[in-house]
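The two complexes that follow have subunit A in common; it is paired with subunit B in the first and with subunit C in the second.
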Partner chain A sequence: MSTPVLAQPAPDTPVVARPTVGRRLTSFMPLIALVVLLAALTVVDPGFFTLSSLTAAVRTAAPLVVLAAGATVVVLCGGIDLSIAALCSLATVLFALWLPDLGAVTLAAVVAATALIGLLQGVAHVLLRIPSFIVTLGGMSIYAAIALVVSDAGPIPLSDRDATHWLTLYLAGVLPMAFVVALLVVGVVSLVLGLTPLGSWVRAIGYSESAARLAGSPVDLVKVGAFTLSGACAGLAAVMLVSRNFSGSPTMADNLLLPAVAAIVVGGTAITGGHGSVWRSLAGALVVTLLRVGLPIVGVPSAYEQILYGAIIVAAVALTLDRSKLLVIK
Partner chain B sequence: MKFTSRPTAAALGVALAAAVLTGCTETAAGGGAAGGGEAAAACDPADVQLVGQVRNESNPYEASWLDGGDAFAEQVGLTQERLTYDGDSTRQQEQISQLLAGDTECLVLNVLPNGDSDTPPIVEGAQAAGAYLVTQWNKPADLDVTEYDHWLSHITYDGVASGKQIGDALAEAIGGSGGIVALQGILDTGAAKDRFAGLEESLAANPDVELLDDQTANFSRAEALEVTKTLLTKHGDDIKGIWAANDDMALGALEALQQAGRDDVAVVGIDAVPDALTAIEDGTMTATVSSDGPWQGGIGLAIGYCVATGELAAEDIADEDRAWFAEQFLIRQDNVADFVSPETSAEDFACDNLFSRSQGAIS
Partner chain C sequence: MTTNLQTEPVPPAPAAPPALEVRGLVKHYPGVKALDGVDLVVRQNEVLGLAGENGAGKSTLLKALVGLVRPDAGEIWVRGERVRLRSVVDAANHGIGMVFQEQSLVPNLTAAENIVLGSEGPGVRTGIYRWSTMRRLAQEQLDKIGSHIDPLARTDSLSFADRQMVEIAKVLRIEERTSHPPVIILDEPTSVLESQEIETLFTQVRRLREFASVVFVSHRLDEVLDVCDRVAVLRGGRSVGEVSADAEPADLHRMMIGSTGSDDHYHEGVAVRSDEPRRPRLEVRGLCGPSFRDVDLDVHAGEIVGIVGVHGSGREDLCRALFGAEPTTAGEVVLDGARLDLSGTRAACAAGIGYVPAERKTEGMVGPMSVADNMTLTKQAARCTGPIVRPGKQATLVDTWIERLRIRTPHRGTAIQRLSGGNQQKVVLARWLVAGDVRLLLLDHPTRGLDIGARSEVYRLMRELAATGVATVLLADSLEEAIGMSDRIVVMSDGRATAQIAAPAGAKPTPLDLVKEMV
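Now for the complex of A and B:
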């Protein structure tokens, strides 16, 4: 007689996920990468590490932080939003065009418009089952064309600079207001993701969409929400750019797409979705900005600058990526 | 989640604390920025920091501009910081604001703004930081240089004149009649608009020359190659001449013509880059106009240097020398030899000779 042997799960003590030192280190890697880069730039040119210089750098970083923060949520869901830069350019044009009529509510109107566009993209993605890469690639092309048409292919000067003046102020004399707003965006998005089930839903969708669906997560709604947020962030970033350049232009932000994607991956968010967070993109955006403005300013010749930029981005991703969370690389 | 909220909370806390501590200010503290209105104390010539900024060094004309800046810097025993921004407006602004956050007291900037709309933020930044600025080519028409005391001068070229010059040369080369196509520059630049206006003037004067098509190739050789290929397919043998708003595009067009096996098409451009001069020498290209890139690279730094060192007072610069057209030269096969190796001469950059090439104020 034999008793059926059941694989009895060992009643092991509940594993408290206490992160090891290494894990803790990995999770702070984006910050460490930032500090290392700053130190390196300072060694090359001691004049770089001054309060005013750092202030200028974070002011420069603000639109990129906001763009990357919104797109990060889409990436966390396992998608990608390639339309952010073109949408942001379009939004700079809309802001400059609408300002004379709408006045103080222009900012809200622009952010609402870009959020709506993001929402439409999300709906197209989930309802028509078109991959986000394709939907947003199409969007990118459409928004760029609309921006060119409505702006007559030229820049539109701001009719009233006071409307964006507040963004160019400095809080406590050192913190650019645009950067404070960017921090607020990152903070609010992080908090909402952290304190509500949204965060787990986003992560679950990113790791395995079908599993998340089986588990009853509102997959489609969350994804549409992510694209809406990404669109809204593009609109807000546009207002920051306009406040800096005193004009809207149909190509103003076009070159920020790759830096924004770089910011997300340098922060250690997995491009395949699931693992990552918004504050990591904040650190990533700062790293990318330091590279963009720092390398030429400390005197790296332009030919080498591109080589260094590429090499440092890859190295930074190698540093910041938590490989234990990634089973598949694509 | 643990790691998302903690740093965020910290960041939020810091931001809120800062908000509570003080109100807002107009400018960042901690900068050594001299106020715009302050009388400029003369800088020791050795302390002057020279910066030249152009789109990119892969454009031979812009590379020669930076070389001219180097030549001037060497002449006064300094070095020029060479900055390029890859034709990316955002990046140009970022570099400028980072530069202006450093030590700006004796900073001299000779800048090629990417487009007209990029000039105002650069000017206001330099004015607020107290750096000496000379801009070239692009400026919105309604932005008045004399309203700023650190924006020393804006130099440009009469694009209508040069566009017409090469348009006429092209008409002459194709025997006064036939179809031509135009490759336009970055549409959001005064240079592109004026040069095209010049072509239109030339067309009006040469009624038998027909403009079959005009497309933008963004001042880029690679884009011009593609655009020209398309145009050659579309219009075929009707094309007798190609008018390009700069030499880089003219060279791209030449390449496309070569690939298509066409040697019966006249090509003209503007800028007089080395390859274009070679092409004019061996007869494949018809004409170009030189703005003298090396001189441009030197003159902007020279004006700033003379003012920074006190040899020239900013308020002594006549209003007509604050925004002016500089001299340009039409180059054809008969005079190309004079332009093959352009060199800057020290006397062009002497403080009492800075504005000798002026063709008059920008109206």
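Now for the complex of A and C:
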């Protein structure tokens, strides 16, 4: 046999698959949806595209943006945090309860408390190897119950409205301070993920946890960190809600879970992890908020809201998830 | 160009059409030609062996035969009739069935349930399981192969060999679907069997020949020649010829690797042997883990130590344990005089240990991430200033290594999953090299699934690294590879290191020398 074994390396030209048009479109989906929604709402109600109603919209969106931003990092790691809304409700109660004693440091204390709760969830997930879905589902129920117990199942008015007054101000007279804070959160998280190795680690863990671990990535630390951030964001969002309602209530944020998950998936972050960004969730949260404020404009009773969230979550995942690669759908 | 070697030393073509015939089968995967025009004839009532190195296309061919893979081109004929196989059921309807390498039984069902699973027939009446009928059906199947396994035994309570018998009994159910003798494919059936169990299996195979055709795939060449009537050889996705049962394993092997072994395939010329250093770089003492016990192992700087062993020998787990990816229960590991922390992969990375996992696609690389990000995933400091990633620094570093390792990629930003297997593997290897601090490399099947050219490049890289003083532990893809690449070979059996064989250039042991120690 004359075949030389050490022939030239096989001409293995890499196969370059171009992103399809559909793939390109989905990557801009949240922005496109945002623009289309704005246009549609303006057509139906020309009065909508005014400074005051846009300002009101982003003000409403602020807590949702913060909630979704924190949970996005967990989703990017391939997990899910279902406890954010219940934790946020609990935090509103804690804020109202602690304000008389703690005064100026109440905000820091509440955020620290929720961050700690998030950290515990992360540790339970990582050390006890319980799926994040279960840990946070259990957490959701626990925090909701604690909130009811410590609040005596009713709203607690703020003892001092000035404590959260700054969040209701407007920057340069137009930008709600709450939204500025939300933008800051998104910006800081994005910068940290973009500029440090954390971004690579989070994506690697989300795409393939075992590959990330075998590459020596600090998988457990990063995941615990993600849950901690998610918890902290829930606390911050709670303060925003309190500043608007002048009270804390054990169910105040409960209806934000679905919108937050919707914001993440509408933004195009893959629910399976790895692919996505915090910026996308910002756009997603704005889309969700516009839908919410837009429903009454087009004459749909707000009772239909939850149907809408359910539908867009399923639709957005259907559009963004590359199901051909999943062998088993659980 | 090598397909014209169809030397037919065996009987004249029988009058009956072949039980199964494959003509010019082609299957491409991104970057890999798994099948490149395979021809194969399985005659009625014969045992045909199928041999070939890893990556020769055996698995793809078998999958095509049972409808798990759709070929891009080529034809499959069953008893003179062209067929298209779209699923396992389709294949079964044409009388083709396969016993898979990884067993496909449901462990918490009884043997009987497994045997009739998916083809319950009269075992289910009006949607209700009829246990007595099922048991009878299963017993019939077991009787066919003369097995005494209790059909009501839970599958996970059976030994591996018994489970294999259940699989064979199960696959013979396809006889119910066709009036012709079936074709039974056995994929690596002996890889985890003890020698006595292998004998039982062979008796079974010879029995099957009475009423069926058998395709038998095994890495153990002596076995293949022992049980088969003739052996077809695949190499690089093509049929390169066949040998009759009276051939020597060496002849068969030569045909499989396509050389006489005289070429410097393993780049022994690159090896620069320094004087034996005083103290080993890696010292493993009495290491115990879930699947290995009391392992002692020394690896010197610049040395390549191959570990060989059959499936279940524990060598993969040992390798992972050294990297902190598998728990250990006792023993200690010393690297360059310092005791190693085996609690996690991070500690191992920090100590200068690199690991290339066998499952490249799921464990070795993060597919959707870029070549650059994959390459710098571990040694983050190499692309950062303080905690901040410097894209410019990363680009320079990655481009340097792309050039040094001759990685073919359109760009450093290309997703690694778009590269061919060989180039992916080079990126995975580069991950450990970019910081220049690697002291020990653990390579678990580093050439799995690579074509011969890419394999050769990985070998060259290993030699060059060894020449710079890197100690290497190699779990080779084949005995030949272990012999060709290693300076010393450690044999593992049942979780223990049972023998050490020196394998310096020029005085290499033969595969048979190793096999003797392995079983």
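Here is the rule we go by: the second predicted complex is superposed on the first by the 271 of 330 C-alpha atoms of A that agree within 3 Å, B and C clash if a C-alpha of one lies under 4 Å from a C-alpha of the other, contacts with A are read in each partner's own complex, and residues count from 1 in each chain.
Here is the rule we use: a residue touches a chain if its C-beta (ideal position, glycine included) is under 8 Å from a C-beta of that chain, and two chains touch if they have at least 3 such contacts.
Source: prediction; values computed, not measured.
Touched residues of subunit A were counted for both subunit B and subunit C, and B has more of them.
In the superposition on chain A, A:Ser277 contacts subunit B only, with no contact to subunit C. In the superposition on chain A, contact is made by A:Arg213 with subunit C only, not with subunit B.
After overlaying the two complexes on the shared chain, residue contacts for A:Ala204 are found with subunit C alone; subunit B is out of touch. When the two complexes are overlaid on their common chain A, residue A:Val150 makes contact with neither subunit B nor subunit C.
In the superposed model, A:Leu319 makes contact with neither subunit B nor subunit C. In the superposed model, A:Ser247 lies in contact with subunit B only, and not with subunit C. In the superposed pair of complexes, A:Leu195 makes contact with subunit B and with subunit C alike. Touched by subunit B in one complex and by subunit C in the other are residues 195, 199 of subunit A. Considering their complex, residues 1, 3-10, 12-17, 195-197, 199-200, 203-204, 207-208, 210-218, 274-275 of subunit A touch subunit C. Here subunit A touches subunit B in the complex through residues 27, 31, 47-48, 50-53, 55-57, 59-60, 153-155, 157, 166, 169-177, 180, 183-184, 186-187, 190-191, 193-195, 199, 241, 244-247, 249, 251-253, 255-256, 277-279, 282, 289, 292-294, 296-297, 299, 301-303, going by the rule given at the top.
The touching residues of subunit B, counted against subunit A in their complex, run 1, 3-5, 7-9, 11-12, 15, 18-19, 21-22, 24-33, 56-57, 81-84, 86, 88-91, 93-95, 97-103, 115-118, 120-121, 124, 140, 187-188. Every residue of subunit C that touches subunit A in the complex is listed here, in rising order: 1-2, 5, 30-32, 254, 257-260, 263-265, 323, 325, 345-346, 348-350, 355, 357, 362-369, 373, 376-378, 380, 384, 387-389, 406, 408-410, 414, 418-420, 422-423, 431, 451-454, 456-457.
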